[in-house]
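Input: one structure, supplied below.
We call the chains A, B, C, D and E, going by the order they appear; numbering starts again at 1 in every chain.
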């Protein structure tokens, strides 16, 4: 094993000797020199990892302290030096070209920087730390000027002045530390057990404060943000990942010096930093500065975790390391990408789309930062939140999630810009290959880290990662043509379903939802065959979404459930984002999903409070039922788009691609319903009655149904109409679930199946139409029945089901509803629900009439029927509707049996006599109704056919028009603002209150962020004042 | 009873219903004429009109849905008849009411509306669509007091089966829902006004401003089918209200008497009140009938 | 009214003032002076309303007479202005900028008399006569009887009687 | 009076200079003056360091003829702070030099040394 | 029957009837010929009546159920509303007003018919279904009446539409109109009122007459 001191020696030596070489070879030599420490630290790290625990202590000048400086290398030091050296090596590779232009000076500084960071981690001498801190600062201050310009110069100046003041604190602290302890060696001090004196704590305060200030806590961090913004992104990467890592480790190392308990304060500082800088990030437009804010925020999170270390116990390592490594890898990667594309405004990052790999890495790193599964920090955050809840640190939990939410807000928006904002730049993106290597390697590292995080997480082994691997495989196979990938995905989903079947075949409820998810998935994927070309970046996310959905079914513990939930959210977000005008809507979707997911997260955490297992059943045993259930319910309601939380849905569903809309509307929404079912099932009727939660949810469901349907009536956009209809239908499901009776649940499940069938059908049919006519506006269509008869039939069947008209399946839902309402006694809510049912009739008519009937438009004289691949799933769904209409007992009987045999809802079940369902109120025989109506219809049709067999076929303008003739089809088609009189009557109910409210919240957040960030006046002296005030405030807080 | 016998009786019942429907409308128009000092139409005029319409020699069609619209419409009317128990206490005149209950009927009413809407939509005439838009909009408001009344009855009799509801009302006028649950009756009868589409709720057809509304393009046989349906549906709807609120009927005579009175009530109101616009009629339904409907439920709950 | 006429006389070359106790006062004017005068009347004298714009065909003089009747709603007075234009290639300045609806009058006059009003909106559009391609029918040199007989299949055996004579014959055949 | 002992005097002087330096950094608008203030600040810390390390009645930690080698530990002051000061001075000089470089760059680019003028990076 | 080509070279062709090009959703050009694309260009056929008792019965029904298109062409239209007042009560004869030609069987030309109105009357007539009847009201429809020498009012309606019953007068009073209805009923019951078929049989002649005066034809030859 090479003694780590050689790291210092080699780097320093190279730095000095570089001047001797000719200019040409210096880069290579420096690279080799930088590779050496990687090798050394890595070899030590693996040495320790393989079981050696003996910490290596070594001394400069061969003497023991205090006469020499001792360095220490344990597993922690080895790990941190390793990551820093890797960063150094890759960072140098990245900056190779820039350094070459600058000559050896910068290279020297860089080598010194890496050396300094190494020593910072290993050294156990406080003054030595000071010295190397200064060396690092000087090196960075020099490197900042790598990018010439006034901005850079003033940033460097501010940086130096601020660090000068901070180092003054540190030095004074060291002086007094020495005065009171007589030693500068950490180990000596720790071993000496000196009595605590006030002066001593003051000295330690100054030292720790200086280190903390080095970590750029909010709000005393203006100087650092300026540097992030102005410096070369390659250097910013070093600052953000490298020095921050060293400083964090320094803090960790020096914390034991203090006699008083710093940990709570560090947590507080961390929390303020985390929330503050993430909040300010919301208002930020400059990409590098935004990364700076994010960087600072992540460090805040790490500080929180460090401060929480005692509560976290054995999990501290996992939590801290995952969060740390996510930040380390992702932030460096993002800065590097920023350096490649050279765009300041986050809106201009759309230029990323010119390079698929860059775009991929950008998304990858953002998700890593956000802590989505399966990225490492997901495991860390999960563990952190769970442990916090376990230790009843609820406020912290809320703070952390609030900060994460703010972070999500700007990162997702940024990603949206990159994916969808108009790319106005003309020039080609010039990419040097050596600049691509480091981010690529870090991407691989993230994957590796994810793997390790998964393995070392307590619950990671319970996860079923096969779908995730499949997603990765699809990413790698993205070069294949779309139909190959489509077949692959369909085949895999079928196989997976077959494999899954035995596991869930005994749980009918799960089986139904698995059926909806998987059958629906396969059917909607059929529509994808109509897309030509490669359809890059579609299939991985489809699989991701379905993996999440099926994960929900499979989940046995909270972790699996949440993992699946997040995966599903992520996949669907990307799918929605693919739509043409979806940038805003996808953002809204993700924001609400994120908020909802965090509420679910808290809910899970709260139910974990006071319990030992993570099994799903702990929800029922929660000690905080009110909070848990409310939070979980709101979380799931976000997904089902209950009124008030629905504003993301219409846009997201309407602007998605034609074959994505049925996925997200017909299928994905059921995830929320499934969550609610699971929740209600677990919490049980008695628990919830106490909190009148169900009662509120019932009303909420009814109001959602009315609101969603009413809003749908006034839409002109066909897909938006269907989307609002989904809101309404999910309201029914919520309402029915809230009954908590046998029939009520049957109703909910019937509705879930029905909604899946007809909404998927309608979205596919309308999607096919939209695909042909290239517009969403219904009033622009019209008379398409002659061009698209099959789509028309599909929509007809769909709306008959939707409106609940016998004999189709929708009626079953209505009948069950009446029985449930009457049994439960929620008459007025029930009346609201039925009112909304009639409203549904309005938009159903508007949909079918405006699109298919009325006057055909000139523009669409030549449109063809929707692609066959759209029609096939429609036929299957229609057959499904017919079968479910004629024989509802096939599905409802087993579910009813399950509901009544289990101990959930034993009373008042639905009785089946042959094919007739009866309750103590009424009866319903779908089979016989179907036959009666079918026979009658056929007879009457035949009669009329005979009566008017000679009818003359006439064309669109052969209508009576008071002796006149119509002018144009457009002005003869009565469609736009069709229900204006209805709007006059009760349109006030559809005023966009919720949208206004959320816009207000959004505006408020932005304004707050925008006003707070004005403390960063740009004046270097203000920043110094910040630092001093901050120090004084912390001092006053502590003493 | 064998299926064949049942079908036979169903067809017979349908025949009676159709004839009664035609005659009833003739009688009522005759009465109206006499009220306004006219001789008025012949009582058999509806028959003549029907024959005339079926005897029209030429037909036009705008497309498949134009064709299917009347079929849907008539299926709606006949279907409601099929699911309706006509005569209480008789196994012969219960039709196919064993397949579904009150809810089935109240939702099957939509079937015909849908057919009409689609057929008229296919016609391509803007007035048709305007009429349908108005009709549907008004219907949503009508449905609210109607639903409340149905819920109220279902609470009262603890059943959704029409046969059981009729059974509970037997034994004298004091047992009728009209007496035992007056508020539900008022709410439902006000809703019934809207359902029948007479003035003041006939803005759907409003000939003066919106030439006859949905059936603007229908003629000949198609119109004949629609008229047939109208005759059947008016009787069946009256039978529905009779069964729910007025004690049902134990023989055809009582059925004829009661349906006549119920139908006459709507026409009578229509003679007295002028026409509402849609944006007036909807708020109206949300005011008075809604209050009665809520009262009907609240009183039962208390 | 007299004041107004006097005032007008000072400013515009009006002639042929015909005053009436029952109807409007008529004045005649050169066609070229019409626009200034009518503008002045509208803006300064409260004649806010154009009542009618009508035409007379003086075929003997080879002139068209255009009559503008304007109304002062405050004083409840009317004023008629007559102008004469040549029958050949008859054309007059449009007043649609003063009264938008004057365009309708002018459109009708164009159709019926063939007097052009350049710039008047829609002046060439069909008004009452769809697909008319003959001489404008209200011109006195258009023989409407002949046109009718040529076009509309006159029913043979139709007699035309002087109503007075005819009724006298019918009622008092003895006289 | 203990207060007038040399170490206290230097200690107090150090603190006064510290305040002066900080005040200068905050209040002076001119970049050069800020750098000078920084130097003062730097010096103040050095003074503090030395004052902390001083032990009364002892001599400088230079082992030469005036100090008994065997008894050196009792005769000389603590050598460590002084060594630290040396290092600190070096670093201070380094930072000051870098600051001046930046000042020079700024002046060359914008012909101004007013810190108020450089506010393009903010928020 | 004139060639279609003539229609399109017609200088009176309305702008909305000119051939034009629209851009389809995929950017392709779509040529629209309104008169052929918007309107059915088929010609009507003679609908043969049944024979014997059946036709008699149907004719009785038709005669007893006369649905009149509410279409007033001239001053006579003011004489029609009183028909349905208690004093005259045309309902008792099975006469009723319908607002749409599709459902009407009787077209009353109520007075003078300007060329412009004739066009609308022809359209409405052609939109009615076979069997259909025309009652011409007032002298103007017979020989032009007081408008006999007008440049714009037709003189003989039977050159343009097959008239079943003329009712003379200027204007005829409602009693006369009722008498006219009686006359029409007689004709129908006798089986004489086959104006619809007559119109189809002599379509060329009718069309030639119509087109002679309607110079801006602007519609398909037969308005379904």
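Odds and ends about this structure:
Basically, a residue touches a chain if its C-beta (ideal position, glycine included) is under 8 Å from a C-beta of that chain, and two chains touch if they have at least 3 such contacts.
Only a predicted model underlies this, so the values are computations on that prediction, with no experimental measurement involved.
Graph distance from chain C to chain D, where chains that touch are one step apart, equals 3.
Here the chain-to-chain distance from chain D to chain E, counted in touching steps, is 2. Once chain E is ignored, the contact network of the remaining chains breaks into A, B, D | C.
Chains joined by the most contact pairs: A-B. Relative to chain D, the chain whose mean Cα position lies farthest away is E.
Remark: chain B and chain C have CA centroids separated by 60 Å (rounded to whole angstrom).
If you average the Cα atoms of chain B and of chain E, the two centres end up 36 Å apart. In this assembly, the C-alpha centroid of chain B lies 100 Å from the C-alpha centroid of chain D.
Inter-chain centre distance (chain A to chain E, centres taken as mean C-alpha positions): 69 Å. In chain E, 100, 102, 119, 224 are the positions where the chain touches two or more neighbouring chains simultaneously.
In chain C, no residue touches two or more other chains. According to the touch criterion at the top of this document, the contacting chain pairs are A-B, A-D, A-E, B-E, C-E. Interface of chain D with chain A (complex): residues 18, 21-22, 25-27, 29, 31, 34, 38, 41-42, 45, 48-49, 52-53, 80-81, 84, 87-88, 91, 94-95, 98-99, 102-103, 105-106, 109-110, 115-116, 118-123.
Those residues of chain C that touch chain E in the shared complex are 126, 128-134, 137, 142, 144-145, 147-149, 151-155, 158, 160.
Looking at the complex, you find that chain A touches chain B at residues 783, 785-786, 789, 792, 796, 799-800, 803-806, 811, 814-815, 818-819, 821-822, 825, 827-828, 830-831, 834-835, 837-839, 841-842, 845-846, 848-849, 853-855, 916, 920-925, 928-929, 932-933, 936-937, 940-941, 944-945, 947-948, 950-954, 956-962, 972-975, 978-979, 981-982, 984-986.
Contact residues of chain E toward chain A in the complex are 16, 22-26, 28, 30, 32, 34, 37-40, 42, 71, 100-102, 119-121, 123-124, 127, 218-219, 223-224. Listing the residues of chain B that touch chain A in their complex gives 54, 58-65, 67-68, 70-72, 74-75, 78-79, 82-83, 96, 98-104, 107-108, 110-111, 113-114, 117-118, 121-127, 129-130, 132-134, 136-137, 139-141, 143-144, 147-148, 151, 154-155, 158-161, 211, 216-217, 220-222, 224-225, 277-279, 282-283, 286, 293-294, 297, 301.
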